[in-house]
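Next up is a structure, given as structure tokens.
Per-chain residue numbering starts at 1, and chain names A, B, C and D are given in the order in which the chains are listed.
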Amino acid sequence: MSANKPYAITLDVGSSLANHTGSWRDERAVYVDRLPPCNDACPAGENVQAWLYEAEEGGEGYERAWRKLVEENPFPAVMGRVCYHPCEGACNRGQLDEAVGIHAVERFLGDEAIRQGWSLERAAEPSGKRVLIVGAGPSGLSAAYHLTRLGHAVTIHEAGPMAGGMMHFGIPRYRLPREVLDAEVRRILDLGVELVLGRKVENVVEEMEAGGFDAAFLAVGAHIGRRAYVPAGEAERILDAVTLLEDLEEGERPQLGRRVAVYGGGNTAMDVARTARRLGVRDAVVVYRRTRERMPAHDFEVAEAEEEGVLMRWLSTIKHFEDGRLVLEKMELDEDGFPQPTGETEELEADSLVLALGQEADLSLLEGVEGIEVEDGVVKVGPDMMTGHAGVFAGGDMVPAERTVTVGVGHGKQAARNIDGWLRGTPYEHPPRPELASFDMLNTWYYSDAPREHQPELEAARRTTGFEEVVGGLAPDNALFEARRCLSCGNCFSCDNCYGVCPDNAVIKLGAPGERYEIDYDYCKGCGICVEECPCGAIEMIPEKA
Amino acid sequence: MSDRFEIRIHGRGGQGVVTAAELLSVAAFGEGRHAQAFPSFGSERTGAPVVSFCRIDSVPIRTHEPVATPDALIVQDPTLLHQVDLFAGFAADGYLLLNSGRDLGQLGLEDLCERHRPERLLAVPAGEIARRRLGKPLPNAALLGGFAALTGRLRLDSVQEAIHERFPGRAGEGNAAAAADCFELVAKRVGEGANA
Amino acid sequence: MLRQMEGSAAVAEAVVACRPEVVCAYPISPQTHIVEGISDLVRAGELERCEYVTVESEFAAMSVCIGASAAGARAYTATASQGLLFMAEALYNAAGLGLPIVMTLANRAIGPPINIWNDHSDSMSQRDSGWIQLYAETNQEAVDLHVQAFKIAERLSLPVMVCMDGFVLTHAFEQIDVPERAAVDAFLPPFEPAQALDPADPMTIGAMVGPEAFAEVKYLAHAKQMQALDTIPEVAAEFEAAFGRPSGGLARGYRIEDAETVVVALGSVLGTIEDTIDAMREDGVAIGALALKSFRPFPLEEVRAALQGAKRVLVLEKALAVGVGGIVAANVRMALSGLSLHGYTAIAGLGGRPITGPSLRGLFDDAVADRLEPLTFLDMDWERVEAELKRLAAGGRSGAHAENILREVGVVAGRSH
Amino acid sequence: MSAGQRIRYYQVGTNAVGNRLLDPEERTVQARTDRSNAITSGHRACRGCGEALGARYVLDAAMRASEGKLVAANATGCLEVFSTPFPESSWQLPWIHSVFGNAPAVASGIAAAQRAKGREDVRVIGQGGDGGTVDIGFGCLSGMFERNDDVLYVCYDNEAYMNTGVQRSGATPPAARTANTKPIGDHPGNQFGQGKDVPRIAMAHGIPYVATGTVAEPHDLERKVETAMGMRGARYLHVFVPCPLGWGSASQDTIKLARLVKETGLFPVFEAVDGEVTEVSKIRRRTPVEEYLKPQRRYAHLFGEHGHPEIVERLQAMADRNIEEYGL
């Protein structure tokens, strides 16, 4: 301060930096990363928010997004089509307008990867261990993928003629085009996974000894259609859903006639009915003993089926099948919601009856294997996916769990990590789960009003004339928009709010977007505005230590 | 050596009472003398009785007090006669120049004439003179010319110069002419008085 | 060049000659002729690069000057009486911030009763505002003081108030020599502010100062005024050298060398005082006068030196500190501490009451004869005062004395006609 | 929300201060690492001070618009006291504080000086709180408007005299509790009056630009500052700045309350050119006044067992009238 300026009255600019107001603070703001509900809900343990964050940038971002995605799940293109996406059920945006179309973006990334021919990362240091995988379904392939990436040598023994398991036999091609499935399977095999087709494993322990395997992962699935006794005449044609779909997959064209009744209320029942329509059947009627509300099939499946002209007979059981006639008994729900017979019957003409009453696993390969426990037709496994027999792990439809492709893929990953730990003698420990980023932690004011972009759908007429894919993919723009609808729950996405709203300039912007911020505790007075105004709940207040 | 001469001017707001005093001071200054003019500082509005003062001296004038004992009185408006004490402190040998077509007797000022030197007391129709020269009965300039003649304290030309300086153009000429007319008239009357 | 002109017009020309960059004022009698004159000159293009701002109040006038001066512009305003009071807060601020603003104060009484005539109540009320206060005896001095004021203000970074008696000087037509523009340019260098609001060198002006430094800040303001005791005579000397006539300074004695009685006063009344003194000297009375030119800072030493030879001092002032008496007198007494001489205070000329030669002669004679009360009121109408006091004592209506006295006057007038 | 929708494809559009995918020009000045922090850290404002925030928003934007050639005159008040206690100043631009009531006039003086010096590239801002603006400084403000001096005057309105301990000002809303309008007697809190709508009064002066804004919408606020700085003559910006201390609100709610006051319609956010309203900021999620009032202890007497629903209704009516009048 030059001498001729008045003392004390005139001051140097910016001199208050010497006054560290951080000492006023009794609480401090701290940046956190919370668990987004989508990640939390994903059976395959995908880090959805993280890959959406990359996808938001488009262009280069897509590949980064895809790579982040396949760290957990090698089947984005498949998953984006067949997963029943619990992530979207959990999505916080659902409480704002509509959930983010995560599956659509995932599918977009998967298709983009196939189009661009992006390849999976090669294996780490070879561990010298060999692992046998029985069954090349989603679970087996997922395990193979993760084990290979962990450096182990993997051989898959598949009883069937092709890899893919239920993704082939359980899901019609109009929902999952085969070239998509094959591309993603091939990408895994390209990592050096050995696949032996048409090789049914009779006894897993012998197989392991014979092949010199250090561990085994069993994922044989559930392929045996559950039978129900339906009194029927000799001539009546009764098939089971799984076989029908398998035959179809192997190129046979089953004889169904012009009128088909499908018995059951699950997704498979829907698949069969819809497939029947595509095979030229005029009347495909689903017979189910309870109501639509209580149907296990997913709503959209039922809706699409109805759009395609599939008929429904609710509250009906089949008494018998004779002379091309089904006799149905009307049911009614008791107060507990269980169907009770009314004695009242009616008839339904049918050239064939397909039973879609669920599937069972073929556990013959475990007969006599010590330590194995079977219950309700499935094998018991521990949290580490290991059966009662050391070194033998199991997953997918053959263990107690929801039977979906995604769950299977998740089992594969989980098993792989545990097998790896077991092989290395250092049991795998799942990292602690961060606090869930619930809706009330968000400040939704900041998000633009952006209704969901919907995928195009094939019109019903064309659906019943062939096996063309019903649901289309998102155009690049729409995919980008959809990705950007993500609220980034619990994870900073560099919106600069904290940097802007601090009355004490106590937030330091570390530089380029994505490099995030730091609190300058010399000046932070602990007002908490940054926490309140953080759109995604990525800052929290914690009391100062006394 | 001081030969101070003090003038008090009476009139009504808007008749140029203050201007009159200023013009006198300017005229005196023009003759190389020291002069001082100032109003009876007030907030009077148009029509209200107003007074202004002028001091003339051959030495610098230091005081700023109002003129209490005028050597000369200029009265612009005879109707003031019965409203204000026009003659307060009026020196026995003082000069009086009053704007009126009537003579002092008619104006009821005989007693004044007795107490003072009558040849120094004069009423002139300054308003009339002004009307002839200006079209308006503004007695100011005329009275100043008359003052010069009556007191001999200022020359007509310096009065006229002051008038021109203040009112450039036609207004100035009209006023200067009025001053000259009145100067002549008064000079004539004074001459008559002297002869009488 | 000498001209016969009105004091206000002359001051307007002098201010313009000082090339202020921002002039801003709110009209109040008797200051109006000055600011009207400046406005005319600025509009006539006499002064390039000058902003004349017509504001909505004196408070704003001073505030605009504060902003302008803080931004490094030479700023000027003028006011009087109530206007000065209305500015008071900003007045202190301008001084506190060390802004060299120059202001003409056409001294006028402060009401109630509302009164537009001259006395010194206004400037005296702001004697502690931190402004330098210079008093003009004549219009010539008023003109000269303005030229000096800018130089003093800018040399010290202090605002200066040039006080001239309202009407008595502002409205008087006299012969005045207004300094030529070129001469003023040579005398008064362009304004170079000690501090300015400049984006190239930003600073914070007007900080809040607590107990830890406030006293020091105030002392420094005092020290600055003490410094002015040197600067004011310096600049007066420079002015005399440049323009060939004395004016300003701290104080001036008149026939004081051998005077037993000294009259102390400020402003235009000194003319009449000097006339009176000359007359008394002719009668052989050893009387003289001391004219105070600077009241703030107060030249204690000069006053003491001038008075210590005298037997008695009469302070004649145009303001009354109700409840004690003289304001100037109190300051003079400070200068005289330890000296034993008779001290008299005469309050005169309040609200424009003429201070006449005869009255002064009477007052001085009484002083010389030590017949004076310590506190005297010149030409006071005691009859009326007594009457009012009696009424009050008798439990009559209290409240505005003015009204009551006026009613009284009315009654008196009524009887006389 | 129009601003938000202009930017398609981004989750927060322009509702947030910045964000990584926006074109830098679409981000606020506050998002920039090179913002001037006109009022910098270490100031002594209360936790969560809305005025400190508002001042930085406005001045940083003005600094950018004037390329750093900016001078500010500040009225007495919180902003002045917490920013310049000797020996520390938080200001990074030439700044002067004179007295309480004269900031607009001081600014006029600075502007006059720039004109006299031919330095019109240096721009002038006058600023103060509501007390210094709508009350004690109003004479000077009106004069500055009437002369159309080249000054942008900014009022940071926190609706009472906070610096002196929360007494009512001409900007204190009806029913609000202050230290001298306690919730007792026939008119609990501040009484209902015609109010002193200074933005409207400013418009009545016919000055080139008048705008209102809040600390909840930096994009809007900065755009208005930019617009104002692009004009000459007298301009007025009235910024709503919540005061946790004076309002009895939580320090973290400062921006939330500024958001709510606009969404309820209690504080119309608009823009006026040459005395005519040219743009209003529409309500995005219309909200009942209770939601704005309840988090503030200054309105606590209106709720609960001994509450005054009838007063809340009157306040709602005021909001509805604004919504009607401005088409919010």
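Note that in this section contacts are C-beta pairs under 8 Å (C-beta built on N, C-alpha and C of every residue); 3 or more make two chains touch, one makes a residue touch a chain.
These figures come from a predicted structure and were not determined experimentally.
**Student:** Which chain has its C-alpha centre closest to the mean of all protein C-alpha atoms shown?
**Tutor:** Given all protein C-alpha atoms shown, the central chain works out to be D.
**Student:** Look at the interfaces A-D and A-C and say which one is made up of more C-beta pairs in contact.
**Tutor:** A-D
**Student:** Report the inter-centroid distance (CA atoms only) between subunit A and subunit D in whole Å.
**Tutor:** So the centroids are 50 Å from each other.
**Student:** Just how far, in Å, is the C-alpha centre of subunit C from the one of subunit A?
**Tutor:** 92
**Student:** Per the centroid of Cα atoms for each chain, what is the distance between subunit C and subunit D, given in Å?
**Tutor:** 44
**Student:** Taking each chain's centre as its mean C-alpha position, how far apart are subunit B and subunit D in Å?
**Tutor:** Centre-to-centre distance between subunit B and subunit D: 66 Å.
**Student:** For subunit B, which residues are shared contacts with two or more other chains?
**Tutor:** There are none in subunit B.
**Student:** Scan subunit A for residues touching two or more other chains and write them down.
**Tutor:** In subunit A, residues 8-9, 11-13 touch at least two other chains, as defined above.
**Student:** If you look at subunit C, which of its residues touch at least two other chains?
**Tutor:** Only 97, 202-207, 209, 213 qualify.
**Student:** Edges wherever two chains touch, nodes for the chains themselves; is that graph a line, a ring, a star, complete, or other here?
**Tutor:** Contact map by chain: other.
**Student:** All pairs of touching chains, please: list them by chain label.
**Tutor:** So the chains that touch one another pair up as A-C, A-D, B-C, C-D.
**Student:** Flag every residue of subunit C that touches subunit B in the complex, lowest number first.
**Tutor:** Contacts found on subunit C: 2-4, 6, 29-30, 116-118, 138, 165-169, 171-175, 268-272, 274-275, 352, 354-357.
**Student:** For the complex, give me every residue of subunit B touching subunit C.
**Tutor:** 21-22, 25-26, 28-30, 34-39, 41, 43, 61-66, 68
**Student:** Of all residues in subunit C, which touch subunit D in the complex?
**Tutor:** Those in contact with subunit D are residues 21-22, 24, 49-51, 53-57, 59-60, 62-73, 75, 89-90, 93, 97, 197-199, 202-210, 212-213.
**Student:** Quick one: in the complex, what on subunit A touches subunit C?
**Tutor:** 4-13
**Student:** In the complex of these two chains, what residues of subunit D are touching subunit A?
**Tutor:** Interface residues on the subunit D side: 1, 4-5, 7-13, 15-21, 27-28, 30-31, 33, 37, 40-45, 47-50, 52-53, 56, 83-84, 86-93, 95, 218, 244, 250-256, 259, 285.
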